[in-house]
Structure formats: structure tokens, C-alpha cells
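Sending over a structure as C-alpha cells; questions will come in a sec.
Note that the chains take the letters A, B, C and D in the order they are written out, and that residue 1 is the start of every chain.
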Amino acid sequence: MLISRCLRLILSDIITPSCLHHLLLEFLGTTLFLSASLSGVLMLPAAGLGQPTNQSVLSAVQSGLVPVSPANPLQVVLIFGLSVAMAAVCVGGDVHLNPAVTIAMALTLRVPLWRAALYVIGQLLGGVASAALLLALTGDVTPALNQVSAGVWLYQAVAVETLVTLQLILVVMATTDVPLPTVAPPLLVGLAVSLGHLVALSSTGCGMNPARSFGPAVITLDFTDHWVFWAGPGLGACLAALLNDLLLRPRWRRPGDWW
Amino acid sequence: MLISRCLRLILSDIITPSCLHHLLLEFLGTTLFLSASLSGVLMLPAAGLGQPTNQSVLSAVQSGLVPVSPANPLQVVLIFGLSVAMAAVCVGGDVHLNPAVTIAMALTLRVPLWRAALYVIGQLLGGVASAALLLALTGDVTPALNQVSAGVWLYQAVAVETLVTLQLILVVMATTDVPLPTVAPPLLVGLAVSLGHLVALSSTGCGMNPARSFGPAVITLDFTDHWVFWAGPGLGACLAALLNDLLLRPRWRRPGDWW
Amino acid sequence: MLISRCLRLILSDIITPSCLHHLLLEFLGTTLFLSASLSGVLMLPAAGLGQPTNQSVLSAVQSGLVPVSPANPLQVVLIFGLSVAMAAVCVGGDVHLNPAVTIAMALTLRVPLWRAALYVIGQLLGGVASAALLLALTGDVTPALNQVSAGVWLYQAVAVETLVTLQLILVVMATTDVPLPTVAPPLLVGLAVSLGHLVALSSTGCGMNPARSFGPAVITLDFTDHWVFWAGPGLGACLAALLNDLLLRPRWRRPGDWW
Amino acid sequence: MLISRCLRLILSDIITPSCLHHLLLEFLGTTLFLSASLSGVLMLPAAGLGQPTNQSVLSAVQSGLVPVSPANPLQVVLIFGLSVAMAAVCVGGDVHLNPAVTIAMALTLRVPLWRAALYVIGQLLGGVASAALLLALTGDVTPALNQVSAGVWLYQAVAVETLVTLQLILVVMATTDVPLPTVAPPLLVGLAVSLGHLVALSSTGCGMNPARSFGPAVITLDFTDHWVFWAGPGLGACLAALLNDLLLRPRWRRPGDWW
């Protein structure tokens, strides 16, 4: 009886134009963001600086004469930072586009739990949709997979993912807590995403966003070490939520702060 | 009778100082933007990082020891993003500088059809003028041509052009729909142009702007696959216009929204 | 008697929630900023463009075929600039995160001397904490040490550090003196930090912040030429304070300006 | 009689605290800007990506196996853009820091002629002072000279300098004509300077600022083709002034617009 009333209350909160529109925005924004990012990663090598392009260079590489890099790191860094900023500008500044952001927002009671679950589903669907789009376009999305680099221990990978997600979520929470001009939050979040990729690209390929890791993993059915890209960002989101609300901008003073 | 009255009404809307001034701004802005961009592309190789400059290096390349890249992609990305932003700052924030933008604006009835046609003519003339200027200055504008890279199918080229134009037009429409400080729209559009070049540079050279593709094609009379650089941006502009006005910021609620 | 009253007054100023919270912010901000920066520096080489990674390439380098660079300078420049900007955004715009900034602020009587001393202690502890964190994570923080490059005289190193700190502190003082939107100061300071790294990276590794130099030096117990990274920034801070308050934005006109 | 009265009027306009302070700001700002820029150019090679650093690589270069580039162009582009933006932030947004800007401002009667002459003198002194400082610090400022590259005709060099100065001055005039937030003009001018360097670096080393070209030329007494770096920027400034005031933002409508 009580449960059914709760469910009905939750449903009446969810099935509103505003909530469904927000869900649609999460899906469209994540699809747009990840289509641009992943297509950048997939199409870079052909133009990548220092990337061998002809047969003789390839054989030289196999014999060890030229350093091999899958793509110029700075290009990847710029693509992810710019595409998340542009998607947030297009779709509107209050989308999350990242399950880790939604987790932090739900944990600090800024978003109701049931809405948060819906947003995460929208984001994951967006990730899968963009990976499927790129599979149709390029025929292979394996290079877009997040993978722990050879020589990096799993605990290191989780720690790095936690660190970069921590700073991303702190920036996101600062942009929601402090009044800013309309255009500032997307750009700041884009810069934080770029910083994360600068730090983590060499060790984990930089997940920092479970939807970004989930899409290519589903399409290629390659879930090797996939838990790292949920554990790290999840842990980082929880730490950032605590750090922000308890130490940086304390909210425990009055009970009313919590709702 | 009716037609002549319509024509007279259209003419009386066009032959006004404000409309003619706007047309002049479109021409001057596009000329300025493309002169800077294309001269950057044409003059880069001499200073390009990793670009072989002497005979012995060339022979080493032919024997496969050094990777060959036509120019540092990041420089091209920065040049196009910065030059479109600077041209929009110089000329004033409400110019389009891109037929794809004008198409999206006309399709959503933000600009009358006849004005849109004039603006497109101004932009194409600007593209031709800047390509002619660079021909006079450097003697050869072939490297500035937009071309589908070897190994890229035409449907892939159209898809990539559609994708990058889609995100550009979505950003442009967001900056016109949401009130922003004066200086924000040019910079956001510049960032979207940079993102497009990061994604599409390796597969199509990144058109994203039919005026940019049309200028060098007219001057070199090389129209190979030129339709790709009209079809992709045109399709992207239509998709973006629909997506923006129907899903992201719906305008179908009241009839008055449409005029 | 007088001394004990002074001490009691100072203590009553220090032991307030606001001052202790600010001290905590300095510690957390510096830890966050330096964890991101130094982890970027430590993890870059594996993905560094043009960085040889296998034995055969190393031997090719020794025989002279491939240029050797320790890491792509642009990545280091971006990491430091972005991480200081993001840390200032997260923690709030009025933290210093740099003993040189605190020295300039104390010298111009913008911050009381005892508070300045506390902030510097917080910043140094943050530097040590982040270096310890990275030691635990990567096992070796030697590459993150600030060192005077081979072939650079000590007086040159001090002069370069003075110059880059001078411009950083001038920017910081301009952002505190001129009213700016909330988000501008962190970004401007981040740009000034990036500029400093562009200038000084090749000669001293760019200290510009004694806390950044102190952390890895304590953890590795390697204090070779460590005084350079205190003398240069200290001198730069004093020069910038004088230049700003006497010449650029004179404050000597009324006695009230000084308190 | 009349002349002496004119002179006295001019002197009474010049010898005011405000004008002398502005002159001082021009000198200090130009010195600061060029010290940072030129020291960046002079110190880059040691850390430059793709720059050979050991004996064996040097010999390989002399035998032609590795492409030689004096410094990574992107670093130079970033240094000049950032240092002019930071100097303008430090010193205050209404300094010119560039004789070409002052010429355009004097030509359009925005600044009285005699003040313009004083500002240009201050800027040139700043250029010489920074070049002298760098001579004392590094022992050789030859690499900081602006020189027309081999294979570039003088008319091409002048045309390129005119083009990049044209867009710079148009941006400067847009930022003075349109009301903008305090922090926007320095950043926009910095972006325009970066764009100019991207375009012109390979052909002329990018002058765009006679004070920047004059300083190292005086110190090294090497005035080869030095007129190019006055003619190009001067021509660009005049064209930009005409274009801005006659076509982009017409000011000829009322006589009062001219004073």
C-alpha cells in the first residue's frame, strides 16, 4: 500500500514534460558529445602527426626505428574538452552528460534519486547510440575503447580515474553553486575534461565518464577491466560530493540546506 | 500582378541601408576570415613541424624513415577557429560568414528567404575574393582545396561533413537563442569550428562551410567531389535546424513563435 | 606584557572559523592543483609524442636518427595552467595557492603578516602531501623535481624565475584590484601560469611557486639548487608588489590606502 | 606667435599626470610583453619538440636525416598571444603596446597626434629595453630578430605583414568601439596576435608590431629588410582604420563623430 503510493508519487514526478524533456536532452547531448569525441579519436590516426602512413614506414616501425603513438595526445585532449563544452552549450547548461556527475548530484540530494537513475539510463543509451553510429560509419570502434595501458597496475588505474573525476566533479559543483554567466559553466567543464585527459590519457585512455566507456564496450563486447571505469569515476564523484559539501562550501549548518 | 507586387515588396525590403550594409559585412567578413585561414594553410608547410625541408630529408622520407604529414593539424585547427572568431568580432556578432548558417536561419524563418539568398551570394563572393587574393600572393592555392582523402568513401565524407556542420549550427543557434554577453558568440563559434576541424581534417580537410570550399574550387577550376561540401553542410544545417527548434528549444507551441 | 597582548590579539584573529577555513582551502587547493600537475608531469612520458619507448628506438636515438625530447612541452604548459585554474575554481577565487602570491599580498598589507605565514605553511604542506600521494601512486617523483637545466648559469635561472613570477604576480594583483566577473581571475591566473611555463620550462623546469618546488624536493630529499626556486619567486613577488602599487595602480596618495 | 601658442597648448596637454602616467604604462607594458615573448623565443630551442639536443643528433641533422625547425611554432604562437594579453591585463586595458595600434588610433582622431608620437616613443624604448635585458641575460638576441624567410619575396612579406596587422587592428578597434567587460579586450587582442603568428610565422617571423621588430634590430644593429616591418604594419593600420570607420562601423554621419 505504502510502496504503491510511493511509486505513484515518483511516477507523477517523472512523467512530466519537464522531466521527460530533460531525459531527452541527456540522451541527445551525450550522443552528440560522444559522436564528436569518438569520431575524432577514430579518425585521427590518418592525419596524426608522427603517425606512419605508408608501407615502408610501417615496416620501419615494426623494426623499431620510429616511435609509435596512436594519435597526437593534444588533439585528443582538445577534442574531448571542446566536444563536451559544445554539447553543453547546444543542449543547455544544466545537463550532466556524465553518470559520475549525476551520482554526485543525487548523493548530495540536488537531484531526486529516481530522476538520477533515469538520467544515467539516458546517458548510457546516448553512449551506445554514438558508438553504434561510429561503427556504421567507420566499421571499427576498437580504438575508441578505454583500456588500462600495459604496465599500469589496476589500483593505479583506479586511483588516476578517481583523481581526474574528483577534479571534474568539483568544478561541476562549483559551477552549480556559484552564480556564473550562462556561457561559463560549459566552458569550465570543458577545460576540466581537457585537464583530465592530459593527466590520464597515457595510463587509462581517460574514462572519467562511465557513459563514454560503456558505449564502445557494449558495441565491441569487450569488457576487459571495464569495472575500473565505473569504480574510479564513482569513487571520485562520492569524494568530490563530500569534499564540496563538507569542507569547501559547507552545507551542514541548517537542516534546510539539505533539501 | 501579384508576382510583381511580391517582387516590389521584396525589393523594398532588400534595398535598405541596413540590408545592404549587412550584405557588405557578410562579404567583408568572409573575405577577411578566409584570407587569414587559407593563407595560414598555404604558408604553413614551410614552418610545419615534422615537415621535411631539404633534399636529403625528402629522400629519407621516400625511403620510409620519417613520417610525412602535410602540416601540423593543430595549427590548422587553431587558424580556422581563431580566424572565424576574429572576423566575427571585427565585423560584428550577427554575421553568418557561412552559407550553412544562413540556410539554417532561413529554414527556421529567422531570416527572410530573399535576404538569405543575398547573404549566401555575398559569402560566396567573399570566398572567391580571398582565394583570388591568395592566388596573387602565393601563386598556387591547390593546397587550400577541400578534398576527400584517399581511402575515404564519399558516403563517409558526407556523413562526417554532416556531423561537424550539425554541431556548428547547433552552437550558432544556441548563441542566437540564449542571451549572451557580446563577446561570447564569436568565441563559441570559433571553438565549434576548431572542434569540427579536429574531427574532419583527416577525412575531408573539413569543409563545414560551402563558401570556404567554393572559393579555392572556383579559382583552381577543380570541382572534384565538390558536391560533398554542399551536401554535407546543407544536410547538417537542416538537421540542426529541426533538432534545435523541435527538440532542444521547442518553438512549435504558439503560432507566433514562427514569425 | 605588550608582547603577550599582541600575541593574544593575533591568535584571536587567527583562531576564527573564517581564517581556519581559509587555511584549509589553501591546503586543499594546493594539494589538488599539485596532484593534478605533478601526476601529469610524471605520467606524460609514456604517451609523450616523439618519446622513444622501446629498446630499439633508444638505440636508434643513440645512433642519432630520432630527436629526443623528455616530454611534449605544450602538454606540461597546458597541465599547469589548467590545473591551477581548475583548483582556484573549485576552491574559490580568493585563494593564493602559491607562497609568492602570499608574500606579495603580505608585503602590500593586503593580508596580515601572521595570516600570510599560516597560508604559506598550508601551501607547503599541500605541496608535500601531493608529492607523497604521487610517490605512493607512481613509486618515483624524481621527474617532477624543479632543476636548473645543464648549461644554464644560476644567475640566469634566478633571473628567469624572477621574470616569470613577476608577470604572474602582476596578473594576480590586477585581478584583485580591478572588479572582474567571478570566473575571470582563475582563468587569467591559469593563463599567466601557462605563459610562465612556456618561457621557463627549458631553463629551470619552471618553479614560479615555491610550494610546487618544495613538495618533490622534500619527498626525494634532493635540495640541489633549491634556493633558486625560493629566491627567484620571492624577488619577483617583491618587484611585482612595488611595481603594481607604486607605478601601475599607485596607492601612495592617501594614508588610508595602506590599510 | 601662433606656433608658440600651439606648442604651449600641446605641452600643457602632454605634461599632465594622466598623460605621463599613460606614457609610463606604454613603456612598462611593452617592456614586460616583449621580455616575456622574446625570452620565450630565445630559450625555446633547448626544450623545443623535435629540436636535436645531443651531439649525435646534431651530426645527423647536419647530414640531413632529421627535419630542423628552429622552435615548435605553436609554442611561439602561444607565447606571443599570452604575453600581450597578460601585459595588457597587468598594465590596464587601454594601453596600445604597439605603434601600429597607436597609428590607427591617431589616424582616426581617437588619440591626439602629439600624444600618439609620445606613446610610440615609449613603445620603441620598451622594445629596446627588453632586447637589452635579454642580451644581458642570454648573450645573444639574434634568434629574436624578425627576418624575411629565404624564398619569400619582399612584396609577399609586406603583404603578409599588412594582412595580419589589418586583422589585429580591426579587432583592437572593435574592442574599443563596442562596450565589453573589462577582461575581454586583452584576451581578444591576445587571440588576434596568436592568429597573426600562426599565419605569418613561416614567412616573416611575424612582426605585426614595429616595437617588437625594432628592439632586437637596434641591439644587434642588423637592419636588413627592417623597413618591411614598418611598412607592412603601417599599411595594415591605415587600411584597418579606413575599413573600420568607413565600412564596418561608419562614423561619417555627423561631424561630431570625428572629435
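As a working rule, contacts are C-beta pairs under 8 Å (C-beta built on N, C-alpha and C of every residue); 3 or more make two chains touch, one makes a residue touch a chain.
Everything quoted here is computed from the prediction, not taken from an experiment.
Novice: What chains touch chain B and also chain D?
Specialist: Chains that touch both chain B and chain D, as defined above, do not exist here.
Novice: Taking all residue numbers at the chain A to chain B contact, is the shared part over half or under half, that is, same or different?
Specialist: Different residues, largely: of all residue numbers at this interface, under half are found in both copies.
Novice: CA centre of chain A versus CA centre of chain D: separation in Å?
Specialist: Once rounded, the distance between the two centres reads 42 Å.
Novice: Could you grab the centroid distance between chain C and chain D? Build each centroid from C-alpha atoms only and quote it in angstrom.
Specialist: 29
Novice: Chain C: which residues touch two or more other chains?
Specialist: Counting only residues that touch two or more other chains, chain C contributes 49-50, 65-66, 72, 74, 181.
Novice: Draw the chains as dots and join the ones that touch; what shape do you get: line, ring, star, complete or other?
Specialist: Its topology is that of a ring.
Novice: How do the chains pair up in terms of touching? List each pair.
Specialist: Listed in label order, the chain pairs in contact are A-B, A-C, B-D, C-D.
Novice: Which bits of chain B are touching chain A when the two form their complex?
Specialist: 49-50, 63-69, 72-74, 77, 149, 151, 156, 159-160, 163-164, 166-167, 170-171, 173-175, 178-181, 184, 188, 191-192, 194-195, 198-203, 243-244, 247-249
Novice: What part of chain B is in contact with chain D in the complex they form?
Specialist: Contacts found on chain B: 24-25, 28, 32, 35-36, 39-40, 43-57, 60, 65-66, 72, 74-75, 78-79, 82-83, 85-87, 89-92, 137-138, 181-183.
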